[in-house]
Amino acid sequence: MNAPLRPDPLPATAPDWGLDDIVRGLHAAREQWRLAHDRKLETSGREFPSRSALHDIIERLCSALFPMRLGPVDLRQGCSEDFYVGHTLDVALRSLLEQVRLELRHVSRHVSRQNPVDPQQLEERAVDIVRRFAAQLPDIRVLLDTDVEAAYRGDPAAHSVDEIVLCYPGTLAIIHHRLAHTLYTLGVPLLARIVAELAHSTTGIDIHPGARIGKSFFIDHGTGVVIGETAVIGERVRLYQAVTLGAKRFTVSADGTLEKGAPRHPIVEDDVVVYAGATILGRVTIGRGSSIGGNVWLTHSVSAGSVVTQAFARNEMMENGGGI
Amino acid sequence: MNAPLRPDPLPATAPDWGLDDIVRGLHAAREQWRLAHDRKLETSGREFPSRSALHDIIERLCSALFPMRLGPVDLRQGCSEDFYVGHTLDVALRSLLEQVRLELRHVSRHVSRQNPVDPQQLEERAVDIVRRFAAQLPDIRVLLDTDVEAAYRGDPAAHSVDEIVLCYPGTLAIIHHRLAHTLYTLGVPLLARIVAELAHSTTGIDIHPGARIGKSFFIDHGTGVVIGETAVIGERVRLYQAVTLGAKRFTVSADGTLEKGAPRHPIVEDDVVVYAGATILGRVTIGRGSSIGGNVWLTHSVSAGSVVTQAFARNEMMENGGGI
Amino acid sequence: MNAPLRPDPLPATAPDWGLDDIVRGLHAAREQWRLAHDRKLETSGREFPSRSALHDIIERLCSALFPMRLGPVDLRQGCSEDFYVGHTLDVALRSLLEQVRLELRHVSRHVSRQNPVDPQQLEERAVDIVRRFAAQLPDIRVLLDTDVEAAYRGDPAAHSVDEIVLCYPGTLAIIHHRLAHTLYTLGVPLLARIVAELAHSTTGIDIHPGARIGKSFFIDHGTGVVIGETAVIGERVRLYQAVTLGAKRFTVSADGTLEKGAPRHPIVEDDVVVYAGATILGRVTIGRGSSIGGNVWLTHSVSAGSVVTQAFARNEMMENGGGI
Amino acid sequence: MNAPLRPDPLPATAPDWGLDDIVRGLHAAREQWRLAHDRKLETSGREFPSRSALHDIIERLCSALFPMRLGPVDLRQGCSEDFYVGHTLDVALRSLLEQVRLELRHVSRHVSRQNPVDPQQLEERAVDIVRRFAAQLPDIRVLLDTDVEAAYRGDPAAHSVDEIVLCYPGTLAIIHHRLAHTLYTLGVPLLARIVAELAHSTTGIDIHPGARIGKSFFIDHGTGVVIGETAVIGERVRLYQAVTLGAKRFTVSADGTLEKGAPRHPIVEDDVVVYAGATILGRVTIGRGSSIGGNVWLTHSVSAGSVVTQAFARNEMMENGGGI
Amino acid sequence: MNAPLRPDPLPATAPDWGLDDIVRGLHAAREQWRLAHDRKLETSGREFPSRSALHDIIERLCSALFPMRLGPVDLRQGCSEDFYVGHTLDVALRSLLEQVRLELRHVSRHVSRQNPVDPQQLEERAVDIVRRFAAQLPDIRVLLDTDVEAAYRGDPAAHSVDEIVLCYPGTLAIIHHRLAHTLYTLGVPLLARIVAELAHSTTGIDIHPGARIGKSFFIDHGTGVVIGETAVIGERVRLYQAVTLGAKRFTVSADGTLEKGAPRHPIVEDDVVVYAGATILGRVTIGRGSSIGGNVWLTHSVSAGSVVTQAFARNEMMENGGGI
Amino acid sequence: MNAPLRPDPLPATAPDWGLDDIVRGLHAAREQWRLAHDRKLETSGREFPSRSALHDIIERLCSALFPMRLGPVDLRQGCSEDFYVGHTLDVALRSLLEQVRLELRHVSRHVSRQNPVDPQQLEERAVDIVRRFAAQLPDIRVLLDTDVEAAYRGDPAAHSVDEIVLCYPGTLAIIHHRLAHTLYTLGVPLLARIVAELAHSTTGIDIHPGARIGKSFFIDHGTGVVIGETAVIGERVRLYQAVTLGAKRFTVSADGTLEKGAPRHPIVEDDVVVYAGATILGRVTIGRGSSIGGNVWLTHSVSAGSVVTQAFARNEMMENGGGI
């Protein structure tokens, strides 16, 4: 297909990139890195989970969760639907087991190197994680159904619940999140993070897998939404695009490293709506039923039923002013 | 390629996920959903349009609209160009017909269930929709050429019109929009929405297919742009990243449902420029030739020739203040 | 797989889209465009670089730069690692040479049409560009290692440097940028731009390949970041999502065209942090060690060590105000 | 990957093949053919079964028949095995239904054109054929197990029954034949023939789907074996490569056409062995337990227990004779 | 999919194949070969035509020759059929041009090394060959139609002409041969040979592209047929499986090399039938209307209307003789 | 692409194949087989080597053995050639190791079940086999070069040695054989057999991997050639199509099983030629320099320099005899 269309008559010397030198240069750069990070020669192949493997796994899980809407075009309900779901889960879980192993092994070798895990224990833990994950899938489906209904009720442009599952980036993000969060709580945060980034890349919605989100959650449009690791979100919450539930400036310890793990993102109670572009930072609480206006910048708690808007939004806009 | 590299010597028992239980659990969850939504058993296969099929269709249409720039690498102008365009359209339209059928059938079964459409009528309508769509393609191409020229005139970094077609996410978004809007006006809003989401996912630009946009339209950078369903945009309008042309809070009827369909997004007249991050909400009118500054929050109409900027942008910034 | 499941019993007439007319209409639209842009018949095939070819090339380069983390799953360190790197580079550079040729030829024919380049000279230049590009790869790898370390130090949620390479969209963006910037400085700006757009589409981070960025650079979250063509960024700079380093309104010459190429984007000195949503416009300088708060809108220079926040962020928020 | 490596500096005129003329010439040739065969314009797409679709279907059926040996590498026995079998059959049978429809429709339009079948009846017949086919699969598996055991007992080089299923072309041929013969008896001879040719192409063994073959059948090596449409083969028969069970010269009717359908191939009774290269022609009977020697040419019946060899095989070979 | 299912707990050392030594050993073997054959370093990439490229080209040509039967499933007759044919030919011929170039260049460098062809002349010749080839396609289609009809008339098992095109290996072989023979006569024998081997591999029918074959040719079953380079076959000839039209022992010159190019295979006149397994060797003539029986070994000419059978076929078979 | 073209208006009931019953039936058939063969439940996944994996491995080995002729189109000689060879071998050997493991494990479990191999020993043996195999590759290449030269000298139609490598099925067969034979002698006969069948399927040439074949071996045309497990072939031997070097009737032991392993195929000494269709059976010796004529049937030894032809070939052919 890529056949060139013109003659190449001149006796050209073929390009010589000095490939040997470049390969040596890259080799040296890798050595330098490995020395700096105290990595010894890895004789056993790449040890990291694979983004593309997780992409496949999530796609299969989506098909198994919503077989008639995200599964293959020609599936029928009835007995063949269960054959499909069973076989698809079988393949997905088997492949997930391998990824779980890779993360556990990686942690064992590089992170807790002083105290490596016994291989047999590691394997048992991997199997246990996948088994627990699998067992939660029916509940995850029920939870996702509440999200789909919330989106249907929340968007006047939606024609049917089916459209929500097929088209809405917010749906894709919450499916990924509920799977990623389960992985996170089961002890494979790197897998969880990769799953979250898959959704981030496709939808522009960046939810850390650590965030805890109640049922009937809906994000409209969604591009630019960021939800931090320790955020806690209640039931029936609705967010619009570019909303940030973030941390304030990190606490730096005396030794210059960042303090990790402490609660540092907002708590958003039930029935809150946050409009586009609003930024809520720090471990503050947004009381239930509150409404946070577009572009609002909020770094303290507000009580239940609050309606927060930008001060200047109503009265400080200057028109016909000079050039920006 | 994925061959494991180490022995697996231990007589391990194979993982048993309790697959039968999970399949039953998922089956029950689906049943519950179908009951809740009054769906009867579908014995005839999945009925929804397919995102991946539409992805293919749009790719082919892009190739047919711009054969020398988005078509295959080795295409030549002249008679083989028309063979290519004709064949590519033939495949794309045939495949589109199937997707149109799926949407019409879905609507007939689930949305207007009381009043199902006669299959023959449905088929005739599907064919008619595709025929009308196809007939508009030359005009769409002419319109897109004005958009490409607008981008070239509007971006000092652009070296050639060809670069605009090949590289600019705004170009991708407007091609998708003009195709999606045509589908929307022809009565297949679900297909239109899927096409819009394809562009949203790739470019971060979220234009509802209902939006009416005049010629010579240009979006620069684009990530985070949201344009609502009833927005009306004139000719030679230019938008930057993260601009929202949205609705204000929705009107909720007495019965608690959202009011649908009413005009609720801005009208932007000819020759308006809206800078990055500006938010314009509600059925307001931005008079022709106006310039809306970056991050401006605007919820009322402005007359022709207005220049709107943020009040504080010039004089209220505090420097060396305390921590955020 | 797509077999229809129902009979198709009616003797329907097959759809006739009037394909001949549409092909003629599109042909006419293309002719009109070519006339308007003074393009003569191209008898030699498509002349533009290919986005999908560049996607492949960049993927291979990523694998060659980080073979154990972005390369194939079953690679081992040691001698086979160098075989892999050498072969992968060989394929990537060869394919890049073809794309470089396409850009140079395109420029020669359409942009500097008065003064076309001699084919042999063009070929020599293409080979020279690829050779120079290849020679810089080891240095690029060293530079990227500083970026990865900066991310690790800058994000309290990061568990290991490996996680940074595998999961962080900011890492993907800076790898693409450092490769794109090298292409830009070597004289193939169109290729550079396509590479930048590949990252933009995946990460929502839009860095113009012309931007100059020092070592240890880190973008967290990233969606909505825009960095302009003439921006200059020092070492150890950290940006959050939705930060814009943009130009102010363009200068329009007397003849109505935009002035091109002049420095028009910010200079950000070493050790600066810019928080989410901040917008910095024009050729201003952010002094070293400064901290620019979230959502700040800044169009003038600030001296070293400045801490800039939104005035209203602390004291002007109105709560329980009326509807937005 | 196919990037050319040399410059193409000469301003060559692009090749012009006179494509319009060739397309017209081919169009005329097709018209001539359609006229000669009284085909009217087909406005409804290609109507023939598809070789590649049948290839897929047979592959799936093989996997469903022998899941642990011809199915996917990572299948496990137990409940996931049945999920796999159920889902694989579901896909295969659905796809087979479409192919059955295509054959029935083709026959209805072109072969029995005077008496076209009602579409609804045609559909019912198609479904009925697939249902009957599906119901026979367990029996076919049992029959194939006897063939595998026969091969194991018959070949001193075989190490295990598993090797027979994985490696022996004779096994591939008999699996295809037993499926093809079932299709043949159910009334879709064209599908049956395509399935037979798939095996012929891979193994060089050409068994007409009409042939009736008893259990425990074994063909060793196999290349060049030809078994005709009306051949009847008993139980525990063994054939070697290049054996022909063919027809004698066809009877030509007065009108010059060949007489069709009459029994014209051999009957081979139980426990017969036919060695390599033997040719048995016409409706003759090879009595049970007979042994037909290599290269024998046989056109009459032989009684049970016969041992037939070439006369010259033992005593008429000339050595050191002249040049051939 | 290939995830291993068991733990790999033992700290195994990774296999070390001594890859460096093997690569050096293979390098030395290649050097030795290149020295022995006086090949200098090829700095310009592989120079041979590609079997897989030719496979693609032939598949496209088959689709263009028989669009409704070998083309895509959903093609319709009428205007879209010609778009398809035109575009398919465009791609196929372009790709063929590249392969023709590769053969001509290879011959110029290695075979007629003393007298290398000027690159521009070579290009002109390549274009000329493809143009002539393309121009003959309509005639080839007409010729192939006669072959299809001959098969239909000659096989009592055939239900329709369509079945012949779809299922018969003899049809596949003759389509390949008529294309290969055209390439052979146009001066690209290596391409022709590769095309012939593609058919040989699929059908077991081995026709040298040099053989001249008249219209209405039919090979039944076909496995094992061999037709030599200088064979000449008239019209309406019918062959069965395992027929050889070969050369007698080659003439060896005084210098020990084989004499090339001289006519050394049979001439088979019009209306001849050759039954399965017959071997005809040397430049003999089989007179028109003759019938050559199965397994006959023939090394001299026979006059028109001859009926040749094996002497022993009727009366020398020994039954119940000893063991072979 | 497979979009149906007609409406499907009738409210058909979807086909119901009784899938549950069929799955149960197949399950029962498998159980029956497993009981009959004393297989216990395999909880650890499929244990057999994979034909498609071996296909890949052999393709990579061919590319590594002949990089400039069977490798990728755009490879260059020089340093990039060795990178390619090294990387290709690395992937191929790694994948081969997995297949070797599968065979050893299969043997350990099913064949020598009484005496299972210790897993660690098994792994060591697998690695050892691949290491020895790899070490022989340079010698195999040298040997294959003699075969290629023999083909060039032996076929008057060959234009260049390159053509032999690219086109000749005999070359493909001998490359596969020399690799398969090495595997066979190293103790993985099942892998060896699968490799042999890959060549058999493509070329119609069936060489048992146990056969020992000297250098400079050439098979012309080849379809139908069969060479048995214990055959021994000297140097510079030439065979034509349909030659059999087979066993006579097998010796059956008192217990009814076939005797295995004993030498039972011919010894063919140096410089022998065997013409098409000749059959040589049993442990006979064909003395060096002999010539065995076409279709000869030979079951006893002949001394050096013999010329054997069919008795009737010269004088017993009957012409114009009755019908066959």
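Read from first to last, the chains carry the letters A, B, C, D, E and F; within each, the first residue is number 1.
As a convention for this text, a residue touches a chain if its C-beta (ideal position, glycine included) is under 8 Å from a C-beta of that chain, and two chains touch if they have at least 3 such contacts.
Heads up on the chains, UniProt names are A, B, C, D, E, F = serine O-acetyltransferase.
Remember, predicted model here, so these are calculated numbers, not experimental data.
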Intersection of the contact lists for chain A (serine O-acetyltransferase) and chain E (serine O-acetyltransferase): B, C, D, F
Interface sides of chain A (serine O-acetyltransferase) and chain F (serine O-acetyltransferase): same vs different residues, half threshold: same
Interface copy of E-F among B-D, A-F or B-C, judged by whether over half of the contact pairs recur: B-C
Taking each chain's C-alpha mean as its centre, the one farthest from chain A (serine O-acetyltransferase): E
Remotest chain, chain B (serine O-acetyltransferase) as reference, centres from CA atoms: F
Between chain E (serine O-acetyltransferase) and chain C (serine O-acetyltransferase), distance of the C-alpha-averaged centres to the nearest whole Å: 50
Euclidean distance of C-alpha centroids - chain B (serine O-acetyltransferase) vs chain F (serine O-acetyltransferase), Å: 55
Computed distance of Cα centres, chain F (serine O-acetyltransferase) from chain D (serine O-acetyltransferase), in Å: 22
Touching two or more other chains - residue numbers and ranges from chain A (serine O-acetyltransferase): 1-10, 12, 14-15, 19-20, 23, 43-45, 72-74, 76, 78-80, 82-83, 85-86, 90-91, 94, 97, 120, 123, 204, 223-224, 242, 277, 281, 294-295, 299, 310, 312-313, 323-324
Chain F (serine O-acetyltransferase)-facing residues of chain A (serine O-acetyltransferase), complex: 14, 16, 19-20, 23, 76, 78-80, 83
Residue numbers on chain E (serine O-acetyltransferase) that touch chain F (serine O-acetyltransferase), as the complex places them: 5-6, 10, 12, 15-23, 25-30, 32-33, 37, 41-46, 48-51, 53, 72-74, 76, 106, 110-111, 189-190, 193-194, 197, 200-201, 204, 206, 208, 210, 223-224, 226, 229, 242, 244, 246, 250, 257-261, 275, 277, 279, 281, 293-299, 302, 306-314, 323-324
Residues on chain E (serine O-acetyltransferase) engaged by chain D (serine O-acetyltransferase) in the complex (per definition of touch): 1-3, 5, 44-45, 64-65, 67-69, 71-78, 81-82, 85-86, 89-90, 93, 97, 120, 123, 127, 130-131, 134-135, 137-138, 141-142, 145, 153-157, 159-163, 166-169, 202-204, 221, 223-224, 241-242, 248-249, 276-277, 281, 294-295, 299, 310, 312-313, 316-324
Contact set on chain C (serine O-acetyltransferase) toward chain F (serine O-acetyltransferase) in their complex: 2-10, 12, 14-15, 72, 74, 76, 79-80, 82-88, 90-91, 94
